[in-house]
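I have placed the structure first, in the form of structure tokens, so that the comments after it can refer back to it.
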Amino acid sequence: MAVAAPSVGKRGGFQLSAKGQENVAGFLFILPALIIIVIFIFLPLLSAFLISFTNWNGLQPPAEAQNVGLRNYERIFGLDGTTVVRDEFFVAIKNTFYYTLGVVPTQTALALILAFIVNQQFLRFRGFFRVAFYFPSITSSIVIATIFLWLFNRNGVINGVIGGVASALGLNYTPVTWLNDANGIIHNFLRLFGLTARTAPAWMTETNILGQSIWQWISGPSVTMLAIMLLAIWTTTGTMMLIFLAALQDIPRQLYEAASVDGATRLQQFFLITVPMLRPATFFVLTIGLIGCFQVFDQIYVISQGNPAGTTKTIAWIVFRNLRDSQAGLGAALAFVLFVIIAIFTIFQRRLVGKTVQQ
Amino acid sequence: MSTSAAVQPSYGTRSFALLPSVGKVARVVLTYGVLVLFALAMIMPFVFAVANSFKELPDIAANPMRLTPGVRADGTPYSWTLQGYERALNTQQINFPRAIFNSFFVAIVVTVMRVLFNSLAGYALARIRFPGRGIAFAALVGTLMVPGIVLLIPRYLILRQLGWIDTYWALLVPYFADAFGIFLMKQFFESIPREIEEAAEIDGASRFRMFFVIILPMAIPALTAMAIFAFQGTWNDFQGPLIALNLNRDLYTLPLALAFLRGVTGDAIQWDLMLAGSVITTLPMAVIFFIFQRFFIEGVSYTGLKG
Amino acid sequence: MKKSLRFLALATALALIAVALAPSAQAAQTVNLVLMGWSSSPSENERLQKIVDDWNAANPDIQVTLNQVPDYDTTLQKALASGEPPDVFYVDSFRFLDLVRADALMPIGDRLTDIDDFYPALRNAFTANGQFYCPPKDFSTLALQINTEMFEAAGLSAPTTWEEMRAAAEKLTKDGVFGVVVPADFARWIAFLYGAGGSVTDDEFTKMTINSPEAEAALKFYTDLYLDGFAKTPADLGVGWPGEAFGKGLVAMAFEGNWVEPYLKDQFPDLKYKAVELPAGPAGKATMAFTVCYGVPKKAKNPDAAIKFVDYLTGAEGMKAWTDLGLAMPTRASLRKGWLEKFPNLEPYLNGAEYARKWQFVPGFQAVLDKVNEQLSLVMSGNQTVKGALAEIERVGNEVLASR
């Protein structure tokens, strides 16, 4: 900036130095987008950040709220000795964590496997499969959640299909109440071995770590959360498959040919050529998957509203709840904590997966 | 270490040797089997939803698994019906045809503008050296991690200040640029060889002319990708229109209209109505998708390469 | 030809935009009001629209637009936060104190006609700091709906006590039908809590009183119906809410408010059923009253017109027009007789008004509500004991009350 201004003055006219011209061009190019982003993203963000230090209830103009300093943040981490907000926050952390842990690896692995299958030389109807896999991605989350609400009804299509398959195999299937089953799936699994809340050892049930016992921490996602996870995987796998497929097709064939000539086996080719060449795509897929999962909201809003028994409360959901239920200051603070969590994970992942991306 | 090296090739060769005979047939069958199964999983929910949207309400409740009308307990058959659609289209306070127009209008304008603004900004960040570039880029990437939900009310307050609530402006302008798109365009422009611009500079072309005449046409694949995302994202957006509109239901877009339908029926969801509404909301997008499927697929494929 | 068509389409589009963007022209002397609410059923929407249309026809100087919005709470919140709220809006008794604390409501009680005619309990629900803020538009109470066909076939009469209710539920659970539908919902269980003589907090909301033998009895009764297999939740039955389960004949009993009546009549015209007062618990009869008022914002632009309109809606004439739908009950005692003549079968709901408790706590209590719902469903899924649930609710509640 300081460079551009004097050069305008010196020359008197509109002739700028090359550097000055470059600066002006740079600003002009970026200006339209900058204005939009500053007004509609940075400004709201800044005001939300300021709001997170107030007791704003969301019902009066925000200027009328009082400053409470770090109190909202203290409540989130229980630093002021209270536990209600902290406990809810860590329940949401647990739920969001299980959700992400279930969705991101599954959708990435599925997408990768499907991409390999679709990429096979002999395959016909490739176009059809690509279109079919991508179709769910074009649909509004509100529509998808509405349709899933219907499909996962206890008397709905999902139970009908599972029941049909089960009876064809001569098995018995008691319909699952997908939309109202608070039991964690790890708990359900442990029950097969006779381990329940009653039979679990005391060190598991009587500890209290951030409001929950070890037994509660290891519950796994609830059955209802599992249904929402299936929805997410169903929606996004197709997009990610396309991204992997494009990356696969982008690998120069000569690389494989050269490797074959050098006597590399298929397996070696896979690990030495395919895997490294897919790194950028994998990094991209993991990053958008992770950010999307941590922010999951629309599906919760339409399908479960945090129920049953709070097992589908995610961080974004409790942000919304607090904004709506007269605790907007606290909601804003929660949102910034979520922001920090996402940033940490993205950076961590960049370290882990992305190392070789820029080589 | 030495054992694994010895084992690996032998596995490889063995499976390789089996391929031409039994292996090949099995592989083809397995391939198509898996793909068809997944394609069904992706498509069937829509098939069920569309088929049931043409059925009578009690029929939907009793026989959701049937793709054709079922039979009543007393033996008389149910029939096909357009009742769900009629009720959705005639809902008193929602003008569905107008919502379809709004969705198209908003999605098209936002797409065009976003492609323009994002590519300008992406180019500046990629190629033009100007002070503050690094900070601008870091801040941009940072916004990707912000949970959208927190912007809801502050953004409303800003729209109110501008006097844009209940106007098209509020549905359009805030979405003319987005961090993800700028990021995408920056990545793309960085991949263009500098020599092309240097050649143009010698000819004395201004930055703007160079951009529109030489650079932009080269960016068609990236622009397509971004246009697809912009259109899809705007078409399906729910929270944006929700904050932009207070009282003016004439400007409702389709997702908002669908949410309103849900509100009308309360807890006892009337599935003929909701399924019909879902189909109406999805249909235009689906038609566009099938017409331009090649561009959709190419666009999405493109993003990963540049990630 | 093609070209001119395209031009026409473009011109139309532009014209539409221009119309949408142009500020609506309005005559100087006409006041335009917006009434904002939520929508709970198509028949209710039609009725309210008609009442508004009639008003507009009779009052050319005050024109009202009815606006029902999706996601009401968010919409109202952003309208209030921006300092430009709608002229008249619904206020649920549960949210009332939040709005008063945020100084968002104008107390208009003094300017309404004949406020002594409102039931005192309902007036009380919208009174704070000694001021009557907004008139209740209608109210509903919980009652027990019983499937008379099933009851007669089993030779049972309508239960009047908890023991009879449980016995009936047990006896009627057969052939895929369950005795009763019990949602894991505080707003339903609380009627049983009061029926057992329990309470949620002390009168001044200083501390929780929910961890009591009475509450234990109520929670045990409620959840045992489920755990012993005589009851199911709506989701277990694959329906959206208890009324739907009852209408479809999946259960013999439900305890919902009178909003279930027009729904059942509309969707299940052949269903044979009747409503009776909720069975009495150990401490006698109890039910809940849910009510909504028409609020006028403190920052109203046209308070006089808004108050005039609200006064009409909740006055004898407007309220009669509204409650004649049978969806909700009149909040004016003077309308009681006429309403009962029209809806004799709804008497049990109206009788409940005499002993109904209001659905209202203090700002910030939503967290406690969530906790109760969570603990209810944990007890019902066998993952929590009755005692443990009450202790947990008490702990969380006390903390919320202390931090006010």
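For reference, chains read A, B and C in written order, and residue numbers begin at 1 within each chain.
Keep in mind that, in the parts below, a residue touches a chain if its C-beta (ideal position, glycine included) is under 8 Å from a C-beta of that chain, and two chains touch if they have at least 3 such contacts.
The model shown is predicted, which means the values in this text are computed figures rather than measured ones.
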Handout entry: Among all chain pairs, the one with the most C-beta contacts
Key = A-B
Exercise for the section: Specify the chain most distant from chain B by Cα centroid. Expected result: C
Fill in the blank from the handout: So, in whole Å, the Cα centroid of chain A is separated from that of chain B by 16
Exercise for the section: Mind checking the centre-to-centre distance between chain B and chain C? Centres are C-alpha means, answer in whole Å. Expected result: 38
Practice task
Indicate the residues of chain C shared as contacts by at least two other chains.
Solution key: 74, 77, 81-82
Problem - Two or more partner chains touched - positions in chain B - result: 61, 152-153, 157, 259, 262, 269
Exercise for the section: Among the residues of chain A, pick out those that touch two or more other chains and give their numbers. Expected result: 58, 62, 153, 155-156, 323
Problem - Partner chain C, residues of chain A touching it in the complex - result: 57-62, 82-84, 87-88, 153-156, 177, 179-183, 197, 306-310, 321, 323-327
Problem - chain B residues touching chain C - in the complex, by the definition given at the top - result: 61, 91-93, 101, 105, 152-153, 156-157, 160, 165, 167-169, 242-243, 246-251, 256, 259-260, 262-269
Problem - chain C - residues contacting chain A, complex - result: 73-74, 77, 80-83, 98-99, 101-104, 184, 233-238, 363-364, 366-367, 370, 373-375, 377-378, 381, 383, 395-396, 399-400, 403
Problem - Touching residues on chain A, where the partner in the complex is chain B - result: 1-3, 21-23, 25-30, 32-34, 36-37, 39-45, 47-48, 51, 58, 62, 114, 117-118, 120, 122-123, 127-143, 146-151, 153, 155-157, 160-161, 164, 234, 238-239, 242-247, 250, 265-268, 280-281, 283-285, 287, 291, 294-295, 297-298, 315-316, 319-320, 323, 328, 331-332, 335-336, 338-339, 342-343, 346
Fill in the blank from the handout: chain A partner, complex, touching residues on chain B are 8-9, 11-13, 16, 28, 31, 34-35, 38-39, 41-43, 45-46, 48-49, 52, 61, 64-65, 116-118, 120-121, 123-125, 128-133, 136, 139-140, 142-155, 157-158, 173-174, 176-179, 182, 207-208, 211, 232, 235-236, 238-239, 254-255, 258-259, 262, 269, 271, 274-275, 277-278, 281-282, 285-286, 289-290, 293, 296-297, 300-305, 307
